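Right, I'll just put the structure down here and ask away after.
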Amino acid sequence: MNLLVLIGAPLLTALAVLVARNKQQVKWISLAGSFLQLGLAIALLLAFRQERAANNTAQMLFEQQYKLFQSLHISFHFGVDGISVAMILLTSFVVVAGVLVSWNVEKMTKEFYFLLLLLGLGAYGFFISLDLFILFFFLEISVIPKYLLIGIWGSGKKEYSANKLALMLMGGSALILVGMLGLYFTAGNSFDIMTLSKATITPETQHILFPLLFVGFGVFTALFPLHTWVPDGHSSAPTAGSMFLAGISMKLGGYGCLRVATYLLPEGAKEYATIIIVLSAIAILYGAFATMMQKDLKYINAYSSVSHVGFSLLGIGMLTQTAITGALMQMVSHGVMTALFFAVIGMIYDRTHTRMVADMGGLMKQMPFISTVFFIVGLCSLGLPGLSGFVAEMTVFVGSWQNADAFHRVATLAAAMSIVVTAVYILRAIGRTVMGPNTNEAHLVLKDANWNEKLAAILLVAGILAIGIAPGWLNDLLRPAAEVIMNRITGQ
Amino acid sequence: MMEPGLYHILFISTALFFTGVLGFLTRRNLITMLMSIELILNSVNLNFIAFNKYIWPGRMDGLFFTLFIIAIAAAEAAVAIAIIINLYRSSQSIDVNNAEDLKY
Amino acid sequence: MNELLTLMKSELVLTGIIFLLLFIKIGKGMKNETLLPLVQVLLLVNFIFGFVLNKEGRLFGDMFYTTSLIAFQKNILNLGVYLISLLCTDWLKKTPHLPEFFLLLLSALLGMFFMISSANLLIFYLSLELASIPVAAMANFDLDKKRSAEGAMKMILSSAFSSGILLFGISLVYGSTGTISLPEIAGRLDGSTLQVLAFIFFFAAFAFKLSIVPFHLWTADVYEGSPIATTAFLSVISKGSVAFIFMTMLYRVFQPLLDTWYPMLVILSIATMVIGNLFALRQQNIKRFLAFSSIAQVGFILVAVSSNDHMGSTAVIYFVLVYIFSNLAAFGVASVIAEQTGKERIDDFKGFYKTNPFLSWILALALFSLAGVPPTAGFFGKLFLLTAGGARAAYWFITVAALNMIISLYYYLRVVRAMFMDKNDTPIEPLKISAPVRLGMIICGAGIILTGLLSWIYDYIHSL
Amino acid sequence: MPNATNIALIPLLPLAGFILLGLFGRKYIKNGAGLIGTALLLGSALLALYTAYDYFFVYGKVDGVYQQFVPLKITWLAFSKELSIDMGLVIDPISVMMLLVVTFVSLMVHIYSLGYMKGEERFPTYYAFLGLFTFSMLGLVLASNIFQMYIFWELVGVSSFLLIGFYYDKPSAVAASKKAFIVTRFADLGFLVGILILSYFSGSFDFQTLIARLTSPESNEVKNAVASTFLGASALTWGAALIFIGGAGKSAMFPLHIWLPDAMEGPTPVSALIHAATMVVAGVYLVARLFPVFSVTTPAVLEIIGWVGAVSAIIAAVIACTQTDIKRVLAYSTMSQIGYMMFALGVSSYGGEAGLGYTASMFHLFTHAMFKALLFLGAGAVIHYVHSNEMKDMGGLRKKLPITHFTFLVACLAIAGVPPFAGFFSKEEILLAAYNSNTAIYWIALITSGLTAFYMFRLYFTIFWNKAQGEHSAAANKHGEGGLVMMLPLVLLAVGAAGAGFIPFGEFVSTDGKALESHFHLSFSLAPVALGLAGILAALWMYAKANDKPARLAASLGGLYKAAYHKFYIDELYLFITKKVLFNLVGRPAAWFDRNIVDGLMNLTGNSTVLVSEGIKKFQSGKVQQYAIFFLGAVVLLAVLFIYVWR
Amino acid sequence: MMNGSTILFYLLAALTVSCGVLSISTRHIFRAAIYLLFSLIGVAGLYFWLAYEFIAAVQIVVYVGGIVVLIIFSIFLTQQAGEKLPRQRLDRKIWATLATFCGFALTLLQVWQHEFPPVIPQAPVTVRGIGEKMMSTEAGGYALPFEIISMLLLAAMVGCIVIALRSKPETK
């Protein structure tokens, strides 16, 4: 399978959107394009499994390389392993759902969809890149669309949030950039991940470069205490924007932390694992407790994202194969789940025009579909078996527990404690909004989800269930890739 | 007192240079600032001539440099004066402290 | 003679155009409406002609030399001038002294050409003056405005002062090395303290022209006061040309003083980035805003300059190319707005997207490019600058530089925010965009996007 | 050999019901939902019956010992070659016994609900949830892997949550469902960590492997586990204790019991199924499942289990005497009875005669499921009739609800331990087991059994005798006892409650699979039976007719009565911990810290940048001479720096 | 020891520097111009003293005859002669003096410390030689700078005309 189609499809869609004549055309083109991407992602998954089944054990499959900026030894090198495939799949799901839930955007529709598709494009490019430079390019490409999406179509203190997001992400990129250049020069003028992974980098250099890269990517994935763009950004963004932000963009960071920082600089990872664990354990618990006090649904999910994404980082910091697999699963799971969560919040907001928990009540009666989905996603968030969150968190726990010393144990316990707190805030939110008596007369006439919203929700619920009920396929994708990373860490 | 030589001339030129600089920094009238520039240029000229004379007499680099600087000084002065006069027409003043609209 | 014609062809063509303009002026004269397209065509021809018949060689007893790299640099400047002639159409049409304006502008450009090609301090100095005195006159071309005169006054006096210091430095260099030929100087510098002092005098003049902090103070005032075409010329063409010769000087001539100028560059680069950014943060006037942002950009250029190798010079040249597209696009939009509405404040841009989507996108694209955000070429430009800076393993230095990109992003986004997000009951009316302006903007827009994505451009520069 | 397909179908049929009704119930099969659900469950129950017969009488016993079979095991999630979560089916005496209990009670509840829940707006949803619960419970019972058990453990928790909150527009129901979920969730955290500890040392999640590795004191695994200690206890003890916490949460053991009385907000059949007969005994089942580990390797934990069970039993019994909501009385009674089962396990040990407690516990579980479900369903019929949960609204109903009255009486006799009803036999065994190993617990149990008889008959007399104190509306009277669908389950369960005691339980269920001889001493039964009768008589004396004796007694007991009435203020304690401590001392500061410190620092960075920018603006003064001074100054400074300082 | 040449040198030096200082310190603008004139003449005298007569002549012609006259004209244009110039702000003066003095001291120190190479006696420069070199395109010739300066003068002229003749009808 030629991976270029993964970039080509969104690019063509975006360009087609630009030349569309009216809003209807824009929407349908986007929808068709996003379904095409979904199809391609599934085809990629199948092709990948086929190759693996045929005993193709190359680390990266479908590799291609085009020379760019030859004098700097940069090349457009791309290929996928299981991690990339999973992330691409996640992206395509979120893109489709994002396009669907934005069906009612009337303000500057064309621009909206264009930017949305551009965001997706950035994510696809990021996940297939095997060259740090190109990877960075795709990482950065999404900053401005995010900014504009929040700033133009957002709500609340949108300008502030948009600025904060753009600046903090830029800060993260700045650190990544420096770390990347450090790698480039210490490893003989190459940005190629495959080359870099074979280069010998002294532990001293690794100790310098690792924090730069990890913190840099960490900003994208809400590493405590650099997470503060998350609540504001997520809550101000339009629905699809939040979905993309939390569902995809935060995963870019996690992927980078693993693929770039940890994989390329294993010595650095070992050196700083303790700090990573401490920070992520704090983020998990503290995020959960902070969520408990939020009154705005979007803030609830945003803070809970901080908490949940902490599991990814915790898994990475634990440096065992299972924990890393769990971290990756958590990324995928959280991506789908949080996208769905934001989608549902958006649907509720579109109808009730409020996101305050206190202003709602008993929505189950008027919107059974939306409420049910809300239930499901809430349960997923609190880690109910059968839904994706459980699988991921348990894998992280089991993996973490394999470190036998007290420090890792305590960190794991702290993280595990969050599942109770999560239950508290999720049930609080659900209990007040979809359950309970109706508190607002105006809400009695509200309608349930439209076809597009239903389709979006069903797709994402299907994703959650597909991971939650039968996690084997995802495990098969991620575990071998995690093993490669672990082998590098343990030096085999 | 000793035989005047390179260092003496260099002293003069340096003194003249910084005299010009000081004038440029402290005079409020634009034309007097321009005059200070002329002093600076002259000190440089003196430098070039002195170096040419005392160290590298075989080549005429310093000499030509001086010649061209004189020409440039003329051109520069002409343009500067034109601008100053223009400014004077706009604001009826050639006090440098009155030309501070553009700031911050 | 044949050699003279080919090696100096850029200068000769330019001189030809200058004299043509002079004759037009002295002769019957021409209406702006007819003259301007003519000039634009001539500049386009000049630009295209810059690509052919490029040879390497030396002339006038090694006073003048040219290489394919220098030819390319000159052509970048040609391109910039051509774009200015397109983008500032609105202002140019109105000015009563169009032929003179172009005469001065092209003279200054000629000066820059000589400056880039100079292999001799005398040529260098003269061409530097040729490149700045006419610009001072150009700065005063809004003849009725006091601000314009004030800007011009500040420019001519400051630049005279700086050239005084430069000359003093040159004289000391001459005194201690006995030559004004650049290649010879390189061989004779021994790093004595007098030479260091001379170099610092010398450097100060460059710093002045490049607006390196703390030699930058004239910049914003002059930019704000000058007519927009002049500002564009100053901020892009002037800066670019000086940056080119600056690198040549440091790499080829003052190489023995590397230990002095490397730390100096680092200090000043950081100061420049920080101060430029901090000032740009709160500017309201778009020209002043762009002035400070261009100061900050120079700070980034210095990062690459400090690399002291081929990678650095390639990165700088590439960046200047990108910068021409980006900054000129911004100036182009500002020019259209200023000329048709008289508004220059960023607050006036609020709600601009509603009424003028094309201009908004161009400006946004330009600002993103200046901020270094992909997929614009500015991203690549900035990245390569920092890459070059990283070659000397000064990680903390490039970290500071990279962090400065955050501040710069903030203020560039401020303009974007005004255009796209802020509400305004009385936004700027839909503006007329004349054909040349539109052409210029499309060229700039294409340049901003394609220069980065077409990676062979960088490789081409590298190969020169 | 067990038939994997048949056994797998037992949980899968209710799951099919859940999916079918959950997806399409609301729109397409609104009326048929109950029948579909019931039919599927009937299939499931029949299969369970068949399986039980097959196991106990056909292939289960090899050489006089009941074997454990794992007819199916699918790797669900592999962490490594050794460590994986499998989905499997385990067939052994207790799982088969539980299959029977769960499917039977569930079937009864399904049938009963056809009448009880008729006309509900969310009727199909209700059946869907019942299906989900039954599926989860059966999955839990059949789990061959401790993680699988945890998974279904959570699923029954959520089903319970959904069903308690079934009347979602009632704030009290919502609050109760949240409370139930969160409290059990908290306990499950212990379970989870316990799993992690045990699996770390045993290197497996699989019950068989795990038990095999952790019960031989000579094995490396046990040695390692014992060697690593934390706060003076070995890792293994910690693991087992934590697992027990999970069980205690689900089984409403003191002090994690607070959710159970509130859970009565759910529909009454649900209380019968989940909060009396099946889910709440999951904790007991868990301990029984891991009994070899508890009894052989961690006797200390087993002792804790015994004490927790005993304390829960008596506290719940005391509280039950004071409650006025009939469902709450039953809830506390449930808690009390589960306490019995728990301490029965606690006083047991592995193998042979000493394993009597284990057998007794399972036996009591079985009989309790019958009579407690019956009690709840009977209470449901009463509530259905009077539209109130409060005892004061009831009285003299024996004429109006004759079948209910009769079955309720059977159940009361059974729970009070009056021979020859089922409760008598199981309770006797428990008391015997306690008597044999722990006298203190025996005395507690004895007192509890007296109290049990008292509060049950207090309930019985207040409802069915006494004088009617409340007005029964005409509408309430109209539907009478609720027809065949509601009465049939009552009768069937009454048969069970009356006759289940005669099952020779020791034959089938014992710690080591060998048949256990029941040593039935008539003399030993004298004390408990007498106490039970005394309790009944006391209730008769106080509650058979309306009078002020209860009030006087309450007054004379004073503080004790008040404390018991207020459930010993445990709820308030929890409320204090959550509201005051967690929310105000942790949550609020965390949120504040985030907004003001972490985010504040970010904003401060931005704001101070702007401030600095404002502060340095005077350098750009517009004065060309000042610029020149800077110019010159910079030159001089650089010169000094590079000539003198860095040279 | 003290011969005429030396005395002449010191006289010229004194004239140059003192007039320079006076030129920047007097508060009469017209006098300032005159002092400047004398200072420039002093420099020309120094050229004579150094035996660069041609340069001295150019100095007199261009500076004295051109620039100073230009300056004096512009003074007449913009100011009533005899009016005293306003005082500069004190802080500016202090800072300026400080910076200048530091610069002066530093430069002087460096210049005096530096060992310039010894003089190699060579034939003096003649006016004819200057003329030949000026037009030469060979090594050591100055044709190119000459061309450049002519362009510069052209441009400066055009610029001056435009700026100085503003708001008048276009003249040829």
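Letters A, B, C, D and E name the chains as they come in the text, with residue numbers starting at 1 for each one.
What we mean here is this: contacts are C-beta pairs under 8 Å (C-beta built on N, C-alpha and C of every residue); 3 or more make two chains touch, one makes a residue touch a chain.
Owing to the predicted nature of the structure, the values given are computational and were not obtained by experimental measurement.
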Checklist outcome for this item: Overlap of the subunit B and subunit C neighbour lists contains D, E
Checklist outcome for this item: Between subunit A and subunit B, the fewest touch steps amount to 2
Item to check | Path length in steps (a step moves to a chain that is touched) from subunit C to subunit E | outcome: 1
Checklist entry - What are the two chains with the top count of C-beta contact pairs? => result B-E
Next on the checklist: Quick check for the class: compute each chain's Cα centroid; which one is farthest from the centroid of subunit B?
Outcome noted: D
Checklist entry - For which chain is the distance between its Cα centroid and the global protein Cα centroid smallest? => result A
Checklist outcome for this item: So the chain most remote from subunit A by C-alpha centre is E
Next on the checklist: Using mean CA coordinates as chain centres, what's the gap between subunit D and subunit E in Å?
Outcome noted: 102
Checklist entry - So what's the Cα centroid distance for subunit C and subunit D, whole Å? => result 77
Checklist outcome for this item: Expressed in whole Å, how far the mean CA point of subunit A lies from that of subunit E is 70
Checklist outcome for this item: Per the C-alpha means, the centres of subunit A and subunit C lie apart by a whole-Å value of 42
Checklist entry - Going by the touch rule set out above, which residues of subunit B reach two or more other chains? => result 17, 20-21, 24-26, 33-34, 50-51, 55, 59, 64, 68, 72, 75-76, 79, 82-84, 86, 97, 99-103
Checklist outcome for this item: Contacts with two or more other chains occur in subunit D at residues 606, 617, 620, 622, 624-626, 628-629, 632-633, 635, 639, 643
Checklist outcome for this item: subunit E touches at least 2 other chains through residues 92, 96, 99-100, 103, 106-107, 110-111, 116-117, 140, 142, 145, 149, 152, 156, 159-160, 163, 166
Item to check | Pairwise chain contacts under the document criterion | outcome: A-C, A-D, B-C, B-D, B-E, C-D, C-E, D-E
Checklist entry - Where on subunit D does subunit A make contact in their complex? => result 26, 75-80, 83, 85, 147, 150-152, 154-155, 158, 161, 165, 168-171, 174-175, 177-178, 181-182, 185-186, 189, 192-193, 196-197, 199-200, 228, 230, 578, 582-583, 586-588, 590-591, 593-594, 598-599, 601-602, 606
Checklist outcome for this item: subunit A partner, complex, touching residues on subunit C are 311, 314, 368, 373-375, 379-380, 383-384, 386-387, 390-391, 393, 395, 398-399, 402-403, 405-406, 409-410, 413, 416-417, 420-422, 455, 458-459, 462-463
Item to check | Residue ranges of subunit B in contact with subunit D within the complex | outcome: 21, 24-26, 33, 96-97, 99-104
Item to check | Residues of subunit B that touch subunit C when the two form their complex | outcome: 17, 20-21, 24, 30, 33-34, 37, 40-41, 43-44, 47-48, 50-51, 55-56, 59, 61-62, 64-65, 68-69, 72, 75-76, 79-80, 82-84, 86-87, 90-91, 99-103
Next on the checklist: Can you tell me which positions in subunit A touch subunit C when the two form their complex?
Outcome noted: 67-72, 74, 133, 136-138, 140-141, 143-144, 147-148, 151-152, 158-159, 162-163, 166-167, 170-171, 173-175, 177-178, 181-182, 184-185, 208, 212
